[in-house]
Structure formats: C-alpha cells, structure tokens
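Same chain, two partners: subunit A is paired with subunit B first, then with subunit C.
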Partner chain A sequence: MSLAAIASKVGAGEPLSLADGLALFQHPNLVEVGALANQVRERLHGSRTYFNRNLHINPTNVCVSACKLCSFSRRSAHDAGAFVLGIDEAVGKLRARLAAGDRVTEVHIVGGLHDGLPFAYFTGLLLALKAVAPGIAIKAFSAVEIFFFHRLYGMSIEEVLRRLQSAGLDSLPGGGAEILSPRVRKAICPNKCEADEWLEVHRTAHRLGMKSNCTMLFGTVETLAERAEHLLRLRDLQAETGGFLAFIPLPFHPENNALGDKRVPTAAESLRTLAVARLLLDNVPHIKAYWVSLGLATAQTGLWFGADDFDGTVSEEKIYHQAGAQTPQALAPGEIARIIRAAGRIPVERDTFYGLASPVAGEEAV
Partner chain B sequence: MKVRRLRLSAVSFLNTRPITYGIERGLVGQGRFDIQFDFPSRCAAAVESGEVDLGLMPIASYATAGEELRIVPGIAIASRGPVRTVLLLGEVPWEEMETIVLDEASRTSQVLVRLLSRERGVLPRYEPAEHDRIPQLVGGRRGGLLIGDLCFSASEHFAHVYDLGAEWTERVGLPSVNAAWIGRPDALAPGDVALLQESLALGLDHREEIARTWAEENRIEAEVCVRYLTQNIHYELGASELCGAAAFIERGYAAGLFGAKPALRFYAREARPRPPMVRAPRSLDGLLSDAAAGGRLSFDEGVRLHESASLYDLGRAADARRKSLHPHGVVTYIIDRNVNYTDACTTACQFCNFHRPPGDSRVHTLTCDELAVKLQETVDLGGIQVLLQGGINPELGLDYFEDLFRFMKANFPLAIHGLSPEEIRQLAERENLPIPAVLERLVAAGLDSVPGGGAEILDDEIRRRISPRKCSVAIWLEVMRQAHRIGLRTTATMVFGFGEQAAHLVGHLDKLRALQDETAGFTAFICWSFQAEGTKLPLRGDTSATRYLRNLALARLYLDNFPNVQVSWVTMGPAIGQVGLRFGGNDFGSAMIEENVVAQAGAVFKLSAAEIEGYVRRAGFTPRRRNMRYEWL
Partner chain C sequence: MSPTANADIFGPGREALALARAAFGGRGFFVSARALPADFVRAPYTFGEPEAARRDRLAALTVVNHPIVPTPVGEPQGLDTIAFFAAGRSAFPAAHIVVDLELLGHKLGQLCLSFGADAIVGMIVDQRALRLGERAGSNELTRDEAAQLLRASGFEPCEGLPEGRGP
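Up next, the complex of A and B:
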C-alpha cells in the first residue's frame, strides 16, 4: 500500500485497514507519515495542545500478577519496599496540593493487584478524596484492576464498576492494555486479564456512562502487525461505544524488570507510533504524548506527529521512574505551557473530559 | 604603464567553449587576453614552459607540476556523474583487459583510469597512443582510454564502454574535476579573475547556442552536444568539486602516481559586491519551491521563512533540496575522536561547562603519552581523524602545536581536524604573527582541516553578551577565509538558543553563504541548540527539537552553496538526528569516541558505528563512511 493511496483515504476521511497500518509502521520515511498524521491532528484540533493539572496516586505496589514487564511491583506485602497507602495519606497528598494553591482537577489512581485489601478500602479512598474536593474528577483503576476486583470480591464487572462509580469514580485510565494479543500477553503478563476481558471492562464502563482512555505498551515482544491489530481492536470498540477519550502509546522501559535485555524503543519509534495511532484511530478524539514516558523532547516533537495532548502536571509519578525514566516527576502548569508553546503549539488547559478548565481568550490559552 | 597581454591556453574540445565564450568574442577584457587552443596535455606543458601565463590545465598536471601554482577560483571542467567524454572502450569487460592504451591528449584521465583499475583489482599494461588513433587500437583484450569530442562518435562502436566520470563519482561520492584555469602565483593582475568568471558567466547563458554551432561544424548530433554542455559538464568549482579534486590528488599520491600532494591554492578572488537581490514578492509556497530547486533566498525571504513557514513545509522543501544534491540516498558519517587537549581557557564563555581558568590547580593539558593512548584506541576502532580542540590556554604556543601535530603524524595514520578560528586567532596574537603565517606553519606540521566551532551566532552584539572575549564575527570569518585560501577545508557551525531573533539566525547563514561564494572552502554546516548546563529542564523556548528541525531545514535551503548538512545527534539525540535526515541533513556526523565539552553540559548520547548505521538504515538511507572531504571510503 503506497503512502499516496493511504493519504488519499485519509484525505477522504475513510478508515484505514490493517494493511495500511502495517505499511505506515514500515514506511521508510517517518517524516511523511508524521506529516500525514499532523494533517489529521490539525484538522481535528488545529494547533491546540491539551494538558491538565493532575495528581498521581498509587495506593499499593503489592501485586500478585508478577508481570515481567513491570519494575514497580512487589510480590508480597512483606517484601522490602512494599507499601499500602493509608487513605489519610492519599488524601493528605491531595490536600497538600490544594493547600499550595494548585488547582488540581484530576486524581489519577492506579496500583498493584493486592489480594489482601478489602473492597471498602477502594470505595473509601474515592469517597475520602471527593469529600476533600467534591469537584475533582477521579480517573482510577485500570481495566486490569477492575477485572481483579471482579474475581477477588466475587462481583460482576458491572457491579464492581457501579459501586466504584457511586463512591465517586468518574473515568477509567487506559493502562493494562499492553498489547491486546493472547500471544504477547502470555509472554509478558500471563497473569493479567485477557485481551477480551480488558475490552469487556471498558465496554461495561462506557455503557455505565463512564469515559476511559486506552493505551498500548510497545517495544517488548510484539510484531508490527500485532501493534496494528491492537489499534484496530481499540477502534472497533470505540465504534461500538464511543467511550474512549484518548489513546496513549507507552514505550517499554526496561530497567528493574524481568524483560531487562530489551532496549527502550527509540524516540523515532515513539514518534511513529503516535503518528500511526492518530491515523488508524480515526474515531478516538485525542492522542496523548505522555511526557513522563516519552521524555520531554520527544513528547514535544510528538505534537507534530499526531499528538494533541501532553498529559498533565503529574506530581509523583512512580511506575515509569522505577523502570528508569529520566523525566522529572512533576511539571508546573506554566512549564508545560511553555514547552508546548516552544513547539509552536497553543497550550489549552483542560479537565478530565476535555472541557476547558480555564477560559481561553481567543487562541492564546493559559 | 601598459599591461602586458595575458596569454591563455585552453583545451580544444567543446567543453571549454563556455569558459572561453566571452574572451573569444571579445566581450570581456578587450585586448587583455591572447588565447590558443590545445589538447589538455599541451595546455599543461605550455604553462610549465612559460609559453603561456595561464592554462586550462588538467588537475593531474597541477599535482605533478613541481612548482607552486595557483588555481582561478570558481571555474572548472567537472562532472557529477556521467561525463560523456572520458571513456574506457573495449571489446572485453574492464576486468579482462590486458592492455589499456592511453590517450596522449589527456593527463587527469590517465590517472583516473589507473586509479579506477586498481580499485577494481585490475592491473593491465598501459601504453600511450595518439589521440586520433585510440579507436583503431582498441581490440581483443586491449582497451583504450579516449577523451574529448571523439567520444561522441566512438562510443557506439564498442561492446564495453565505461564512463570514467560516472565510475569515479559512484565510487567516491564526489564530483570528478578534470581541469581548471591554473598558472604561476604572480601571473594574474587585479581584475583578471573577475574577467575570467565573466567570460564563463556569458558562456553559461549561451550553452545551447555554443552546442548547436559546434554540432553543425563537427557533424555531431545537436541534442547530444546540448545535453553534454548542460547536463554532463559542470563548470562550477564549488565546495564539492574542491573536495573531489583533493580526493583525486590524495588517491593519486597514495597510488604513487604523483610525487607530491599539493594543497589546492587559489588566486585571490576580488570580492564583487553582488547587486542586492530585488525581486517581486513571492508567496511562501513560491519561496519554498524555488529554494527547494536550489534558487537563492534573500535575507528578507530567509527571515520570512523562519517566521512564517510551517514545520512540514520547511522540512519538505529542505528534503527536496537535499535529495537533488545527494540523489543516491546515501547518508555519510565519520569515525573520529574528539580530543580536548586542554581545559584551561581564558575566554570564560557563559555557556561553557568545560573550561577552567589557567592557573587553576585542576587544569589538565594532555601529555603525549596520554594522547598516544587515545590515538591508538582511535586507530583500533577504525577511526581516521582526530578532532582536536581545547580551551584557550595562554601557556601553549605555536611550537607546542607544531610538535604535537608532528608527533601525531609521525606515529598515527590519522587526519588532524583541529583548532577552531578562536584558537588560531589567539595563536596569531600570542606569536605576533599574521593569521596566514600561523596557518601555514600548522599545515606544514600536519594540520589537515579546521573545525567550524566557536561560530555560535555570528552577530557581534550577541557575542558580546555570551562570549565577550571570543573573536569578533569579522575575525572568525577572516580565519576561515585564509584557511580556505591555502587549501584547508573547514566546516561551519551555528549554535542557537541564546535569545536571538530570526534576523540574527538568517544573518549568520548569510555571512557563511557570502564567504562560501568567495572561497568554496566549507564542506558542511552543522547546527545545534545551546545545551543548558546542569538543569533538569534543558528546554528553553528556542532550543526545542522542533526549533532545531526548523533551523536545520532553513539552513539547508539558505546555504545553497554548501554541499553537506550534518545532523547533530550528539546534542539532539539520535531520534531527532534521524528525523533531521528528512529536514535537510545528509550526514550523521561522527561515531564519536569522546566528547568532553558537550558531555559536561548534559548531552550524553554515544553511538558506535554499527549503531549509527542502524539509525541511518531505519531512517531509509544507505550509510557510508567518509572522511573530512565527504569522500566515500
């Protein structure tokens, strides 16, 4: 499939095929692929680049899943470095940010699969956070965690989601998708939920009126075809539900985990993945260049390769940093806006649902 | 005083006629020139015997002249692929030729066929023969080298025809230079160079007319002649041609065909102020497509592109320009080592993380033993060059460098790419010598080329702010001008992110372009963003990767006379380096074994040759090793 043929499909707004996706991954000229993705990005969002003020909370790093790709988890609560965050501690982190005058609009919560915590811990956490800041959006628990709750507590997926929703859950993060292929999951995360189960959690969440994100962990053992298939599975679910807000490609970081002989995907691969995702996922509104995982310079460049979202201020990122990420653990909103402007884009501060968090005067945001 | 007429000997083939057009017709320098036409070999002999003052002399004869000669800048008979009129003819393939008869009219081509035969592992007997008889002598296992217009009719009569221009360029990656105006150093009077250039300029405008007249007189197909003068032969002695000629001399010397390898030295070029470019305003798209086709941008147009063109539009135009200059899809790189001989430095630039004040107890100047270890490692790793730069250490005089270079040359097969203009300027001041004298002594001791560092932004106001003790713009340019005059090739750099405006950046490019018009001595341009020291956030508003890509693309378009643009993976990272190959870059720089200065300020990328080749391949190009001349190895 030639790039010109793909470009004419993109121009006409036709969805791309698996073969197109593969051709885009393999095309020798990264910049032409980027230019095509940029065309779509600008058609959808102009020069606007979204970010938010968020806080990351990891309730626990104890995890029964023991995925080879992970540098964050501890097998047992008794292992060195294992922790469970008390609800007060978690709330304390949010209070501290608010007390410092930081208008955080979103709490992002993901953690390990701890089999010794009561469900009430999670609902309690949500309720306590909402009590401190009723207007805040809580984006919490990846599909992997939701599925684990379903098994551990003997509730249906829907029941788990309903109960969390009534305690304050607003949306799901996109993590744990890795590559939605049985072969790859068996190799890198055999104890995690299956690809279909991951999709089912998001389908259910969308049906209950929640939005969610989706991700792809690339650079472990998957083939380019498996990457393209992964993106198309996400696109199919999106066609069914319309519930995905953003797609976030996550390059694999190899330090401190059992897949350590792998190299980090090059920034060029990250740029290409952003671009191909923008082109294949024509029904997902936003593509995020998550600066924590990509690195600032690559994320910034990614704003010309299909990405329209830079993620947020992210204080206290742990998971990627355990795996060797060299990025800072937090950025001030002004700093993010400056980085976005330096790339020749217009920063726009958003809330979780891509509403404007602060009024935008014309095109000169923030 | 009546000035004596200048006696010229020019080649009697079609390819010279554009060069002599204005002179022959009395359109330039009326009464100044007497011109005669000879075979190339005769042109050389006429200069050597003093029969004429200036000859369109084979480059091979320049190399063997045994006395110091000068080249007229800017004019050559050269090719960048098939030349059409330097042919090896045979009934059998090259590899099966036992004898090659050599056209006595030629000099450069004789060397060319010997060099290329060796490259192919063919060692035939060579026999000289008269020009006109070559076609009859070819037969059986006897091939023949034929040059000149006879090639037009002869080529179709042989089973095997090799175009030596194409053979050379495919092998070396550089143009083949056959001849140039050459004479004794004192042969020309002021104004002569300009007249010779004007004669060619007129000829270039009348190539079609020249070709058609020639075709009729010599009963050659007109279209063949037109194509020959407009596509095969190139008349510019630009930066690539100079590298091609230098590579030819070097290879000839290495093969024992020349007894010396004289540097390419030039008559002074009188600066002819170019009329300011006044053009009807062009649309942004028009500007980009003209520049992509090699058209010249004015200063104002450069500023406009910098401010208004979109990233991808700049990138596409620069990529098209890169592709027309380097159509083979090759991306080059070099294996060299960056050795910083001293960290003592008096200039104390605000952006530098490397220097220490002289006298500081931590100052370290490399000893010969330490250096020897580094150089041996370099050789062992396949390195061919050392980039030698230091601080400005007032304790080190010219004799230190002469000893150092001699020591290096005596013990290691490495080219010395060393001493930026600031270091040379300081040596001149310390020794109270003019800059050319310092350069001559360094060259005599072994200096091969000069790196283009310390240019930062060529704007005195900015320099006063960031590096007040470093040389002025005028001096930086003057050191480069003098280096080019005595045959040194140099690079040029630009570091941005000091809070400069579009006018400063374009002004920088404009100064480099003007000097390149004058000397053609720059081989490559390299830019990078200022590497902020020790901060967690090296992203300033104007040092982003997108700004880098924009500047890179703009430089590729603005520097229409620079053959090569390097990407700077050392500072920007290999991924942006790869992307840069689609924003005008055609060279991946160096597989660096050591880089102290940038490493001190936080850039820590390191790549082996194999890794570089991987990055280049994955970006869709073919990697080739090169030397400082951008000659493929």
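Up next, the complex of A and C:
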C-alpha cells in the first residue's frame, strides 16, 4: 500500500487496515508519515495541546508478577528497596501539593501486584484521598491490577470495579497493555493477565460508565505487525464501547531489568509510533506524548507527529525513572505551557476528562 | 515567540531530508571523536532568537568545505533544533551537516537525521557500558548503534567522512 493511497483513505475518513499500519511503520520517510498524522491531529484538535496538574502515587512496589520488562518491582516485601505506602503517607503527598497552592486536579495511582494487602487498603486509600479533596479525579489501578484483585480477592471484575468506584475511583489508567499478543506477553510478562483479560477489564469499566486510557509498550520483542495488530485491537474495543480517552505509546526503557540487553527505541521510532497511532486509532480522541517516557525534546516534537496531549506535572514518577529515564521528576505548569508554546502549539490545561480545568494565563481562547 | 511557533515543520523538513540524501548519494556518516575535529565548524543557535538572525548567521558561514555542526547555546529544544538543522541544510545543500551527539544526545540527534543532517560525531566505540549510575547520561554509542541510527533514517552508514569532506 503506497503512502498516497493511505493518505487518500485518511482524507476520506476511512479506517486504515492492518496492511496500512504495517506500511506506515515500514515507510522509509518519517517526515511524510508525520505530516499525514499531523493532518489528522489538526483536523481533530487544531493547535490545542492538553496537559493537566497531576500527582503520581505508587502504593507499593512489591509485585508477584516478576515481569522481565520491569525495573520498579520487588518480588518480596523483605527485599531491599521494597515499600508499601501507608494511607496517611499517600494522603500526605496530596496534602503537601495542595498546601503549596498547587491546584492538582488528578491523582494517578498504579502499583505492584502485592498479594499481602487487604482489599480494604485500596478502598481506604481512595476514600482518604477523596476526603482531602472531594473534587479531585482519581485515575487508578491498571487493568492488570484490577484483574489481580479479581483473582486475589475472589470477586468478579465488575464487583472489584464497582467497589472501587464506590470508594472514589473515577477512571482507569492505560498501563499493563504492553503488547496485546500472547506470544509477546509470554516472553516479557508471562504472569500478567492475558490480552483478552486486559481488554475485558476495560470493557467492563466502560460499561460501568468509567473512562480509561490505553497504552502500548514498544521496543521489546514485538514485531511491527504485532504493534499494528495491538493498535487495531484497541480500535475494535473503542468501536464497541467508546470508553478510551487517550492512547499513550510507551517506549521500553531497558535499564535495571531482565531485558537490559535491549536498546531504548530511538526518537524517530517514538515519533513514528505516535504518528501511526494517530492514523490507525481514528476513533480514540487523544494521543499523548508522555514526556516522562519520551524525553522532553521528543515529546515536544511529538506535538507535530500526531500527539495533542503532553501529560501533566506528574511529580514523583518512579516506574520509568528506575528504568533509566533521564527526564525530570516533575514539571511546573508554566514550564509545560512554555514547552508547548515553543512548539508553536496552544497549551490548554485540562481535567482528567478533557474538560477545561482553567484557562492558561495570557493564552488565547480556544 | 519562538522561531518555530506556528511554523509548518514538514515543508522545510521534506526539502532538507531530500537534500541530505542527495548530497552524498544516500550515504550517512559517523565519526568517532572525543572532541570535535579541528576543521568542523560550529554554527550556534539560541532558543527563541528571531529566524532572520539565524538566516544571517548561517549566511555568514562561508566555510562551505568544512563540516557544519549546529550547536545549541543552552539546553536544546526539540522543534527548535530540527528547524535549525533544516535551515542549515537549506543554506548548504552540499555540505556535511553534523550532529554533535555529546550536545544533542542520541535521541534528538537521530531525529536531526530526518531534518537535514547527514552525519553524527561523538564517542563511538566497540563496546559501551550500560547507562547506569554515573554513566546514566552517557551519549556513547557502539559502532552498530551508530550505524543503526543512520540506517533507520534512510542512510547507508559509512564510518568517517569521505576525502575532501565538502562538495
């Protein structure tokens, strides 16, 4: 399939095929692929580029999954560096941000699969955070964690989600998707939930009225065809439920884990992945250039390669930094806005659900 | 307002990539050097400076037979950097436009290979240590990695610059 033929389909609003996706991943000219993705990005969002004020909390790094791709986890609570955050400690992080005058609108929570914690720890954590800031949105627990809770606590996926929702859960993050292929999952994360199970968690969450994000970890052992298939599986679920808000491609970082002989995907590979995602995922509203994982320069450039979201202020990101990420631990809102403006884009501060959180000072109306 | 604000990066990018690939018959080059070779010429650029100032500075570089190394003053910005590389290629279609890996890093550096650069210079070694601890920020590349960066950007990788170096 030629790029011109693909461009014609994109222009007509026709969904792209697996063969189209593969052709885009293999096309020798990154600039042309980027330009095509940018057309779609600008058709959907103009120059608007979203970010939010968020706080990352990792309740524990103790994890029974022992994935080869992970630099964050500890197998046992007794291992060096293992931690479980007390609920007061977690709430303290939010209180500190609020006390400093930071208008945080979202708490993002992901952690290890700890088999020694009661379910009440997680509902208690949500309730305590909401008690401190009732208006804050809590985006918590990847589908892998939800599926683990279902197995560990003997509840259906729906029951797990309903109970967490009652305690304050608003949406799900997109982590743990890795590559939705049995072959790849067996190679890099054999103890995590299966691809179909990951999708089923999101399907159930969407049915309960929750929104979620979706991701793809690329650069481990997957083929380009498996990347394209992954994107189409996400598109199929989105066609069914409409519950995904954003797609976030995550380049693999190889340091401090059992896949350390792999290289970090290049900036060109990351930009191409953003672009191909924008073109294949025509029904997912937002594509995120997650600055923590891409690096600031690549993420900024990604705003011209299909991405319309830069993620948020973050603070205390641990998972990527333990895998060798060189990015800062946090960015101030003004710094994010400056980076977005320097890219010739318009910064828009959003809430979790892409409502306008507040206008950016001095910014034109959008 | 930055020089890239509201700019279409793809028009200049398309032209720069085509010129870079044509300049040396599709070949791209990697040069192993701890310090920049003496005959390479730095072309400084500053984030946020007016586009006209950049054009004038490039036009003043009359040393077209020497490899030109776009050099950020301060922290390099992504779009700003690729815009300057594209402008450099446009100004000097037949010269070597070189990425300094030590200044730009290998990720942003490779991106410049899609926006006008045809060569990279830096510590290119047979084997490198993992980027851990004090070496976390190291920009060393192995020869295979350097060749792969060039190949992934559509160049046929070659070690060292060809004799004569310029057009």
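Simple rule for what comes next: the second predicted complex is superposed on the first by the 359 of 366 C-alpha atoms of A that agree within 3 Å, B and C clash if a C-alpha of one lies under 4 Å from a C-alpha of the other, contacts with A are read in each partner's own complex, and residues count from 1 in each chain.
The rule we apply is simple: contacts are C-beta pairs under 8 Å (C-beta built on N, C-alpha and C of every residue); 3 or more make two chains touch, one makes a residue touch a chain.
These figures come from a predicted structure and were not determined experimentally.
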Exercise. First (subunit B), second (subunit C), both or neither: which does A:297 touch?
Worked result: both
Exercise. Taking the superposition as given, does A:182 touch the first partner, subunit B, the second, subunit C, both, or neither?
Worked result: neither
For this session: Have a look at where A:242 lands relative to subunit B and subunit C in the superposition and call it first, second, both or neither.
Result: neither
For this session: Applying the touch criterion given at the start, work out whether A:267 contacts subunit B, subunit C, both or neither, answering first, second, both or neither.
Result: both
Exercise. Touching A:328, do we find subunit B (first), subunit C (second), both, or neither?
Worked result: first
Exercise. Who wins on subunit A residues touched, subunit B or subunit C?
Worked result: C
For this session: For A:29, select first, second, both or neither according to whether it touches subunit B, subunit C, the two together, or no partner.
Result: both
Exercise. Looking at subunit A, which of its residues have contacts with both subunit B and subunit C?
Worked result: 28-32, 34-35, 38, 266-268, 270-271, 296-298, 300-301, 303-304, 339, 341-344
Problem set entry | Interface residues, subunit B side, partner subunit A - complex | 311-312, 315-316, 319, 536-537, 539-547, 549, 572-576, 578-579, 582-583, 615, 618-620
Exercise. In the complex formed with subunit B, which residues of subunit A make contact?
Worked result: 28-32, 34-35, 38, 266-268, 270-271, 296-298, 300-301, 303-304, 328, 335, 338-339, 341-344
For this session: Would you tell me which residues of subunit A are touching subunit C in their complex?
Result: 28-32, 34-35, 38, 47, 255-256, 260, 263-264, 266-271, 295-301, 303-304, 324, 326, 339, 341-344
Exercise. Which bits of subunit C are touching subunit A when the two form their complex?
Worked result: 2, 4-7, 9-10, 13-14, 17, 47-48, 76-82, 105-108, 110-111, 113-115, 130-132, 136-137, 145, 149, 152-154
